[in-house]
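Paired with subunit B in one complex and with subunit C in the other, subunit A is shared by the two complexes that follow.
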Partner chain A sequence: MSIAAPLRRNLVTPTTLVLAALAVIGFLFIGMRLIYGLGAVTNLNSGYSWGIWVAIDIFIGTALGCGGFSMAILVYVFNRGEYHPLVRPALLGGLFGYTLGGMAAFTDLGRYWQAYNILLPWHWQPNSIMFEIALCLLAYTAVVWIEFAPVFLERWRFPAIKHFLDRWMFVFIALGVLLPFMHQSSFGSAVLVMGTKLSPLWFTVWLPLLFVVSAILMGYGVVMFEATVVSNSFGLPSEHALISKLSRVVGWVTVGWLVIRWADLLDRGVVSLAFAGDLKSWTFWIENALFAGTAVVFLTPAGRASQRASFLGAVALLVAGALYRLDALIIGLRPVGNWIYFPSLPELMVTIGIIALEILLYLVFIKMFAVLPVAEESSPRTADRRLP
Partner chain B sequence: MTDVDRRDFLMGAGFAAAGAAVPTEAAAIARPPKEMPPQAVGMLYDSTLCIGCKACVAACKAANNMPVDIPEHLSDWNETTWDSAEDLSGHTLNVIKVYRNGTVEQKDREIDGFAFIKRHCLHCVDPSCVSVCPVGAMKKDPVTGIVSYDPDACIGCRYCVYGCPFGVPQFDLNNPFGKIAKCEFCRHLQKDGKVPACCDVCPTGASLFGPVKDLEQEIERRLAAPAGTPYRFPRGKLGEDRPPNVGTIPSYIKGIYGEHEAGGTQVRYLAGVPFPKLGLPTVGPQSPASLAEGVQHTIYYWLIAPLVAFAGLAFLARRNAPRPDADNTPKSQGGRS
Partner chain C sequence: MAEAAIAPARPPVIWLHGQECTGCTESLLRSYHPTLESILLDVISLDYHDTLCVGAGKQALDYKHAMMEKHKGKYVLVTEGGTPMKDGGIYCKVGGKTQVELVREAAEGAAAVIAIGSCASWGGIQSADPNPTGAVGTQTVIPGKLVINIPGCPPSPYNFLSTVLYLLTFNRPPELDQQNRPKFAYGRLIHENCERRPHFDAGRFALEFGDEGHRQGFCLYKIGCKGPETYANCPSIGFGDGGFGSWPVGTGHPCFGCVEKETAFRKPLHALSTVKTLTPPTAFPQVDAEKGQGISVGAAAAVGVVGGMVVGAGAMLLKQIGEGKKSAPDSTKERA
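Right, the complex of A and B next:
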């Protein structure tokens, strides 16, 4: 077991400089969009009113921020305290995944200067799935910051507040599990209104379940990905033993997801669409092959034992979950009229800039704050306590 | 669907793999469909009467203060004189499109023929746009059934554009202060007892305004009469005393578009060419909003499930999360090593 500590490395490196440059470019285009309108920056059109800012920055970005959520299920619901060292880095990923996802949503709003209407009770429209998502996302973003707050409180030493938070943290931990269950499933429900406008390969009443379970899977994928990349890049003790144990759990959840997905497809008798040979059918197969590949890697002893194979499995899982969302939101769409959509370069640069900023902030935070398990520590109890 | 079906479905949900959704069960989780408001107003567009003059497009622009639309590829011969909108857009609420096939010899014939089609909001009985709008910017009038838009409420999320089964609402993407554009049956004119602009100017009665109940009777009369029967087609508003357009009943294709689509709409179409050929999307009879809301209301019924889940999670978290008073290890240890 180990305890968390700041990495204390140089903040200015070639990597952080490139990330910062990408973020600056992205934000210049965000400024352009806010001044000149969505059409000046994006390739959105009447058939595709939502583009990659919604699909990638919000739907995929928040799912990638589900590490804290997924680890909390394991650690607090199933009481697997041995995974504690992975919680803080996972929460940190969620912190930026959600905060910047919210920022991307604001950027994407066509009438952003009226965005506060969503907070005014006389405007509330509780039948709207978007309404539930918006409030739930805002609440969860606040919860992640509170869950992560002890890290700041330790750094700047506010013992009184920290003591209070420690005492009541279980409330926020519970909310930190409940709220993502709500909005990540609602992301799936949000697509239910599409009806015939979405290919039957993706349209099903099980969308909410498939979305929330794949979000949990992506959360685990991100934790594994991050643990491997960070420990390799900074020469930290490998966490492969823990990751390999975790990957077994993830493998079985992936199998469960595939069983639901395929039982539903077969039951509705729409699998023939997967042989149409069009873009939709190809991405459908890639998505499913990646999920299946992950399961194979994570459920074979050889796959789990190899650090490289586990890492590739985690990457495959992340790409699979991301592609599933992209398919359900954009690629699987059958708009009214002959519309096509491919993001413009500025549109892509905004998404890349936001992702770059997420990684940059992550790197800055692990260097400045006690996030990563660094120092070896003898007492597991203390380690547990150090990483809430 | 009965309550029994619903319960069976929910029980099946526990065994996701086994009880996967077949269409009938998908309908079972949907909330009951909405009813047509008693005094619903609507439009009948009879494609066979339309001569493609586009007076309705021009009148719509004038009535709603929208600029003319001249696509770039037409601008060399059409500088500012003629509104040549090709499709619905951020500044086109109503558009006439044409179907052409082969030699384009005869009107309202599928093969080697042509036909006109008018596109605008159909004012669904159970509108997706109203259901999805997070801030209530889209509203359905409980009396007239008109689906209206309030730009002061709208946050521009474009979920209505995404969700509309008919591809109607448009966001003006090229305007930094863009808003949603969609037909509102000229509700600002109706207040003064006027007829929506498109129906008011239609010379042949192809666009006809009136109470949905009366329009339905008018449709029945037209479909019941054999082709070739002399017929006085009303113009403007049904029941008004305008001189009718005297003609003969054409040969209609079977079906009334808008009667059942997406749970029914207040706009109905009659045509001589199959509706999909005219660019009207094929939409099932279930309102998409009833399914999406049904699933959501099942999960969030009185917030019982989230509250129970929260209580359980809070209990587990309190039991399983380490607490500072759980043992006597000093708290301040190891923050920075």
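Right, the complex of A and C next:
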């Protein structure tokens, strides 16, 4: 077992400079969008009213931010304390995934200057899916910051606040497990209301469940991915033993996901659409092959034992989950009127800039705050640092 | 004009019915701006009208004669219906006199003559081949006098009312075309202002009643719409007061060219019309054209560069993982 500590490395490196430059370009285009409107920056049209900002920055970005959520289920709900060292880095990912996802949502709002109304209860429309998503996203973003707050408090020392948080953290942890169930399923509902606009390969009444489970899977995927990347890049002690154990769990959840997905497809009798030979059917097979591949790697002892295979499995899981969301939001869409859509260059640069900023902030935070487990420790119980 | 508008005396009107169905009067009874009663009580003095007369028989006819005598040279004559000429005009009589005699008698002292409907304008349906009664329009009966034609079957009441109000206001007929129809109403082809015209231009046609195109509201040209050869304002003002779309083409039936002498009752209902403006193009634009923006060079480049970087970094990392965890790269070689 290990304890968390700041890496204290140089903040200015070629990597961080490139990321910062990409982020600046992205934010210049966000400024353009806020001043000149969506049409000036994006290729959105009446057929495709949700583009990559929604699909990638919000739907995929928050799913990638579900690491904290997935780990919280494992550590706190199933009481598997041995995975605790993976929680803080996962929460950090969630912190930026959700904060920047919320920012992307704001950028995508047609009349963003009306956004404050979501905070005024007398303007609420509680039957709206978008309302549920908006409120739940805001609440969860706040919860993630609170869950992560002890990291700041350790560095800047506010004993009173830390004491309060230590005492009440269980409430926020509970909320942190509850809220993603709500808004990730609402993401599925938002796709559900597209109705016949979505290809039957993705449209099903089970969309909310599939979205929640895929978010949990992507959460595990990102934890495994991030642990491997960071420990290798910074020469930290490997967490492969822990990851290898975790991947067995993930493998079975993936199998569960595939069972729900295919039982539903067979039940509705739409599998023939997968043989149409068009872009939709190809992405459908790639998506499913990636999920199946992940399950195979994670459920075979040889796959779990190899660091390289586990890493590839985690990447396959992330790509599969991301592709599922991209399919359900953009590729699987068949809007009336023969509309086509591909993001414009400025639109792409905004998404790239936001992702660059996420990675940049992650790198800055692990160097400045105690996030990553670095030093070996004699007993896991001696240092009760209340890692959330 | 102001003087004319406030002139106290209501001009007298004599209205004669010949071979007709009273559809023109019926449609006029259903107009609301102005309403018929305000026309009758405030604007004109309708001294004789077969349908609207209070009196009947000899009483009514006597009153007509008295009024014609009293307002000689000042009244307006409106004729509704065709006039049969064959066999001395015996096929239409009122009070023992043939329609020919009645029209000529009334026209003599009329200040202006208006023929309402296609029958009065040029014979209408009873003049259709073989025209057994020799029916003709009012102008043929009284060749020496100007007859303003308001054709239509029935005509839009507002084309008639506008003409009447124009006469009363300016004391002269409105500008007329070669067939003596007011240009304000009969100046443009139906085809020019038709709400279905974009379908014609795009080559979207109903091919039979009730087919997919018909239900979609496509152009009715191919099921015989005479809009392309008919000059009338129906698409602009609709018919009567039903609101937008309340005219034949608006309800899904092809125009049958009721205001055209050579079209209605002469051409088969579903025969193709002669397109007086453009004929449909032989090559049509794609009905279901692609909309929206596809991939641009810049976007493709950005996706390629970033995708390449990600795959490249992933491959490097994978290689490093393969080398084993003991390699421990130094801090300057951060790759994350």
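The rule we apply is simple: the second predicted complex is superposed on the first by the 383 of 388 C-alpha atoms of A that agree within 3 Å, B and C clash if a C-alpha of one lies under 4 Å from a C-alpha of the other, contacts with A are read in each partner's own complex, and residues count from 1 in each chain.
In this text, a residue touches a chain if its C-beta (ideal position, glycine included) is under 8 Å from a C-beta of that chain, and two chains touch if they have at least 3 such contacts.
Keep in mind it's a predicted model, so treat the numbers as computed, not measured.
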Q: Based on the superposed arrangement around subunit A, label subunit B with subunit C as either clash or fit.
A: clash
(Q) A:G47 in the overlay: touching subunit B, subunit C, both, or neither? Say first, second, both or neither. (A) both
Q | If touched residues of subunit A are counted for subunit B and for subunit C, the larger one | A | B
(Q) With both complexes overlaid on chain A, does A:L345 touch subunit B (first), subunit C (second), both or neither? (A) second
Q) What is the contact status of A:F69 with respect to subunit B (first) and subunit C (second): first, second, both, or neither? A) neither
Q.
By the touch definition at the top of the document, which applies to A:L175: first (subunit B), second (subunit C), both, or neither?
A. first
Q. Which partner does A:T13 contact after superposing on A: first (subunit B), second (subunit C), both, neither?
A. second
Q) Which partner does A:Y140 reach: the first (subunit B), the second (subunit C), both, or neither? A) neither
Q. Is A:V230 contacted by the first partner subunit B, the second partner subunit C, both or neither?
A. second
Q: Name the contact category of A:G337: first (subunit B only), second (subunit C only), both, or neither.
A: both
Q. Should A:P208 be classified as contacting the first partner (subunit B), the second (subunit C), both, or neither?
A. first
Q: After superposing the two complexes, find the one stretch in subunit B that runs into subunit C, choosing from 9-17, 27-35, 81-89 or 99-107.
A: 99-107
Q) Hey, what residues of subunit A end up touching subunit B and subunit C alike? A) 45-47, 337
Q. What residues of subunit B sit close enough to touch subunit A in their complex?
A. 16-18, 20-23, 25-26, 29, 87-89, 128, 131-136, 151-159, 161-167, 170-171, 173-179, 262, 279, 281-284, 286, 288-289, 291-293, 295-297, 299-300, 306, 309-310, 313-314, 316-327, 329, 331-337
Q. Once bound in the complex, which stretches of subunit A touch subunit B?
A. 3-6, 34-40, 42, 44-47, 49-50, 75-77, 79, 81, 108-112, 114-115, 117-118, 123-125, 127-132, 134, 154-155, 157, 159, 162-163, 166-167, 169-171, 173-175, 177-178, 181-182, 185-186, 189-190, 192-197, 204-206, 208-209, 259-260, 263-264, 266-268, 335-337, 370, 374-375, 377, 379, 381-382, 384-386, 388
**Q.** Residues of subunit C defined as touching subunit A within the complex
**A.** 288-296, 298-299, 301-303, 306, 314, 317-318, 320-322, 325, 327-336
Q.
Quick check on the complex: what are the subunit A residues that touch subunit C?
A. 9-10, 13, 15, 43, 45-48, 228-235, 238, 240, 307-308, 311-312, 315, 337-345, 347-349, 352, 359, 363
